[in-house]
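Labels run A, B, C and D following the written order; every chain starts at residue 1.
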């Protein structure tokens, strides 16, 4: 057992080193921003977090490597060519608002906050302080940041998303301390420690979950939209979904209802399809014969466009415009935000047998945060200012960790509450 | 109770009369062919079958009419304009085989056999001799007859369909006597009286069901196709589905798998989408915003074409060609057969609040059987010959009824068999 | 009290409540223009319009999920499963989302949703269209599951279901739609979690719910002819299950038979037996007997179907067994 | 006998049988290139290629249905549910098609299908990812449902599952993937429908399956310290359920505790109690006790989660109750 752990630790270190090597050039340009759970001292060289034995996602038991990969042929037959971003198909948007450098600095700050917050969660996960599943958003921040920023809470706008949602909660105003405490399973957590990473809710800010069954949350969106319009509301529902979920029946049924109800202006749903090219380990090419995912909305009479989901200037250009368009028409509309998950699927999934390091490295070059960083520098924003933002964000994440660590466990009585909205008695274990 | 039945009987007679009136002109041209369960004496005037009280589909209890329809406005708001057949979008096909009059007479015979067989089933249902659900194929015969005719059993071709499948069983060689006996729930039934109208199987002839959950059978098709190709077979799977099923998640997931597996030539599935414009009482327009149903296959990388499903010359032109195409490519292909169900959804559903008599009457003018009848007469086939075919078909149906009526109930021991393929013991009721 | 059918009582509960409360909408297949395949919603589209009586495509999972979204937005949707047999397609939405949303949102979100439709066997509907899903859904905390047997109960419990802030699985006894009974006028809510003594007796307790309740009343009549006095308990609620009422009854009669159409294993009757052996251990004069459907998918042929359902004779014989009148 | 983990034993059963029989294919999400999220299928794509180890899109209903079609065409597909929590999306295919096809085709079609994956709670997987579905699937005739607890059983029962001509619901104890045990070499099939006496004893019978079996063995150790001799029964098969083995045991010990992670109502423990009160009525010296999970969706926080699962203490206390050593 101990021997296995040791072996694991070694494999892990090697993997980490390789990943670092692959990204070193680029990462040098963006200071403290990191994604592989490396904590960098702002003034010194990067230090890898001492790797703890990664746990397989289910049992806390060791992973065996007896069945090593033997036949490269079979593997090649299965894998497909890496997907290239169809850059020429990205829409430009016709944003009324032009975002000046100052505004962009604000978005930079948000993205950095998310990244550093999530780096801290990954670290805590590896330390065994966060349990269950943990899916971070690294690489995709530009999408959530732009679109959630276009929400109008005064009009009742809400967002419904799957399980890769720390960003969504934070961007909609949840306090980082409570989000972190939730991941730690503490009583001060945003849903009292009952939900964990996949089930963040912040109803006050319009964040309506947080769902763990792929595709399962999609029908809720058109339903909420209908419900709001039916009551005379003017809300828009932002409905986030992944490329992997689009092949699920729930998507099909929900999109069809949205299109149908949209005919009477009763379904203001903005589908935001985050095509990060993989559903867990399965690339889009290996999941469907028709890989132009946004086009699938046409089956339901839903118009759509594709944006570069890793360039916040691109997403910003589109976001506000489509949000208002949906509000006005009461009809659904879809965005395919094309991007890449530059981290493993979940924090426990360090074995990435399904994609090459080269591919990851290539996409890390498009990481939205250094991208915007570079743009801001070019626009004349000073490095010191951005550095200060990163430092603040780091402090925020540290503070959240501290808060979470110091928070008490939920009271045991919490086990039996919130089962029924009318507090019907439920029996304890035993 | 008796009073209610009487009232029902009266309503029923009125409805029948209206339906007859609406179709009288046309029906005069095709002799004994009828669809509203009227048995015509070949030499005399049509006689309506004495209506027995129709039973509601579930309980055997009377239906109340207290809640009469009160507000025409709401109803109009809900209903949409009737759909017009998009005739200009029908494909012509490039059949190698030209069907001469002789061959067409054969198809005429098949269609007439189905129609008269099903008329007999409807009659038996109304007499309370057939139970459960009964869905007949009247109006759609041209589609099944042409496509099933293109199957090649030597190559292992099979058909999988939903519940409107008497035609499929008959066309694939099931004996009418056993099919009728099944509907009567007799021990001589094609599945021993265990399945009824919705679950006909005739594995020997390639008829693999017979399923009652809308959409539920669709994934079986690509699976069977894969399984056969995997084993080196060269079968084509004909997969029949209705317009109502296409909005179900099962369709989406199955079509996507078919497209995907087709990329490696491992999924020879011919989707035959029978668009009869209604899923039960819901028109296509009321079920989806994108009503060009065949186009939905494009989401899965599946090519398709639309045919006039009520004109057997049109369906024949396409059928053989696409069957072989699918066999050669190992890829799925889809047909949208556009047509109309000229009878109620099920034999118990005599109240058709969801469509107008005028609409039904209009479509009855396109009934595939009189259509072909007229074409054959024009081609010089003599009426007497067609008359003889109808008489024979009638005799076949009568014989099936006789066989079914005289057959014994299943042995009670049958209740407990066929639960497990290895005859694991199962407990009786009590 | 006016006499009406189970179907009408059900419809009137929905219609009356819809008049009082605009936040109620109905969704389902063919509930509007078509009138509902069992005519439960017949005429409601005329009364309330297509925005409130929403005909859906055949997508049980999708529209049940959408109804959850509507509930989150403040509506009180009532979803019709045309029959509960189709609800396997919505099982994920019901079990994974509706039942758990309040919990995993830490109480931030309520799901005041009713999912209703006919449950249990009909006449020759065969394997895919014959299920009794009380135990199936009853297993999951977060749901309320009920199974009313009379017109009065179906009305009173539908009123409760609509007003209840939780997702409610409303399992109608499809076979009883046409049966008649007295129904109190007005706003008579029947609370969940309370079983009903449908007939008092002293010698043996017969326990069921839904379609089997009228069957038990017939059995009780027949047993009375044999000088056996049977008490009949109608469970009404499956979750929460009112164990007290039947335990009290058995403490009096010392003998019990539980009857259900559903399959024997891991079922409502299993649970009732488990509770009784625990709570009335010292009172039981004989093992509790179960009468269940045959362990087979429902057959189509009428004779097989009848042989596969519990019958009056099965129950009488079970009652006589617990009384040691037969083996 | 070689010692291996539950995970390896499972993989080797599949790999060995796949070498013997080309008609076996695997389907599931990320079972191939990714290696399987629990690494159960790791390496098999290299050994057998992508035509036999088929990575699917996230479409549980679709690929389970497709596997039924494959079975109809003569293959023996093994479907991985990445976890059984996702199987609600395939419930219609499993319950309505796989379980009933043989019956409603009048015996014309067989469905030799295995659906497998981890079942039961893990560590902090929370509400949507924590279910024990033995009773849920066990309710349906036409399915065989098993829940092996040891490496030897998981291998032997997988061999049986593959060779069985029926649809088999193979509920792996996910929490036990890493546990080790002796596994007979070669072709040692463990037949369905036979419970296992995991430890002999005389004073009380403890009954469970899956993840709770090792827990009961620990309990038995602790009880031994208190001079209480506990017999431990591992049910192994849920449908068919081997009632004989546990009834015989209770006839000997006169007392029983049934332990499960799943919810109490309409569950496996309900059934065991129902059977015991019927078949061992005169032998029971105390009511059978049930120990079940809390009646709540699984919470995320570790302390709540632990409080919601059955524990050693719960079982000890229940055992002492049936022995009238405590109240």
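In the analysis below, a contact is a pair of C-beta atoms (placed from the backbone, for glycine too) under 8 Å apart; a residue touches a chain by one contact, two chains touch by 3 or more.
All values reported here derive from a predicted model rather than from experimental measurement.
A.B. asks: With contacts defined as at the top, give the pair, A-C or A-D, that has more of them.
C.D. replies: Looking at A-C and A-D side by side, A-D shows more C-beta contacts.
A.B. asks: Determine, using the mean of C-alpha atoms as each chain's centre, which chain is farthest from subunit A.
C.D. replies: B
A.B. asks: With chain centres taken as the means of their Cα atoms, state the distance from subunit C to subunit D in Å.
C.D. replies: 30
A.B. asks: Centroid from C-alpha atoms only, then distance subunit A to subunit C, rounded to Å. What do you get?
C.D. replies: 42
A.B. asks: Any idea how many Å lie between the Cα centroids of subunit B and subunit C?
C.D. replies: 34
A.B. asks: Of all the residues in subunit D, which ones touch at least 2 other chains?
C.D. replies: Residues 57, 59, 61-62, 85, 88-89, 92, 96, 103-104, 126-128, 141-142, 295-297, 299-300 of subunit D touch two or more partner chains.
A.B. asks: If a residue has to touch 2 or more other chains to count, which residues of subunit A qualify?
C.D. replies: 189, 194-195, 199, 211, 213, 216, 247-250, 252-253, 256, 260, 286-288, 419, 426
A.B. asks: Under the stated contact criterion, what part of subunit A meets subunit C in this complex?
C.D. replies: Answer in residue numbers: 160, 189-192, 194-195, 199, 201-203, 208-211, 213, 216-228, 230-231, 233, 249-250, 252-254, 256-257, 260, 264, 266, 417-422, 424-426.
A.B. asks: Report the residues of subunit A in contact with subunit D in the complex, numbered from low to high.
C.D. replies: 56-64, 66-75, 77-79, 131-133, 182, 185-187, 189, 193-196, 198-199, 211-216, 244-245, 247-250, 279-282, 286-288, 349, 351, 353-354, 409-410, 412, 414-416, 419, 426-430
A.B. asks: For a test of understanding, state which residues of subunit D touch subunit B in their complex under the given definition.
C.D. replies: 23, 25, 51, 56-57, 59, 61-75, 77, 92-93, 96-97, 101-112, 141-142, 144, 164-166, 193, 240
A.B. asks: Can you list the subunit C residues touching subunit D in their complex?
C.D. replies: Per the stated touch rule, the residues are 61, 85, 88-89, 91-92, 95-96, 99-100, 103-104, 126-128, 134-136, 138-142, 239, 241, 262-263, 265-271, 273-274, 276-279, 281, 284, 286-290, 295-297, 299-300.
A.B. asks: Which part of subunit D faces subunit A closely enough to touch in the complex?
C.D. replies: 5, 7-8, 11, 29-30, 32-35, 37-39, 42-50, 55, 57-59, 61-62, 83, 85-86, 88-89, 118, 122-129, 174-179, 264, 291-297, 299-304, 307-311, 314, 317-318
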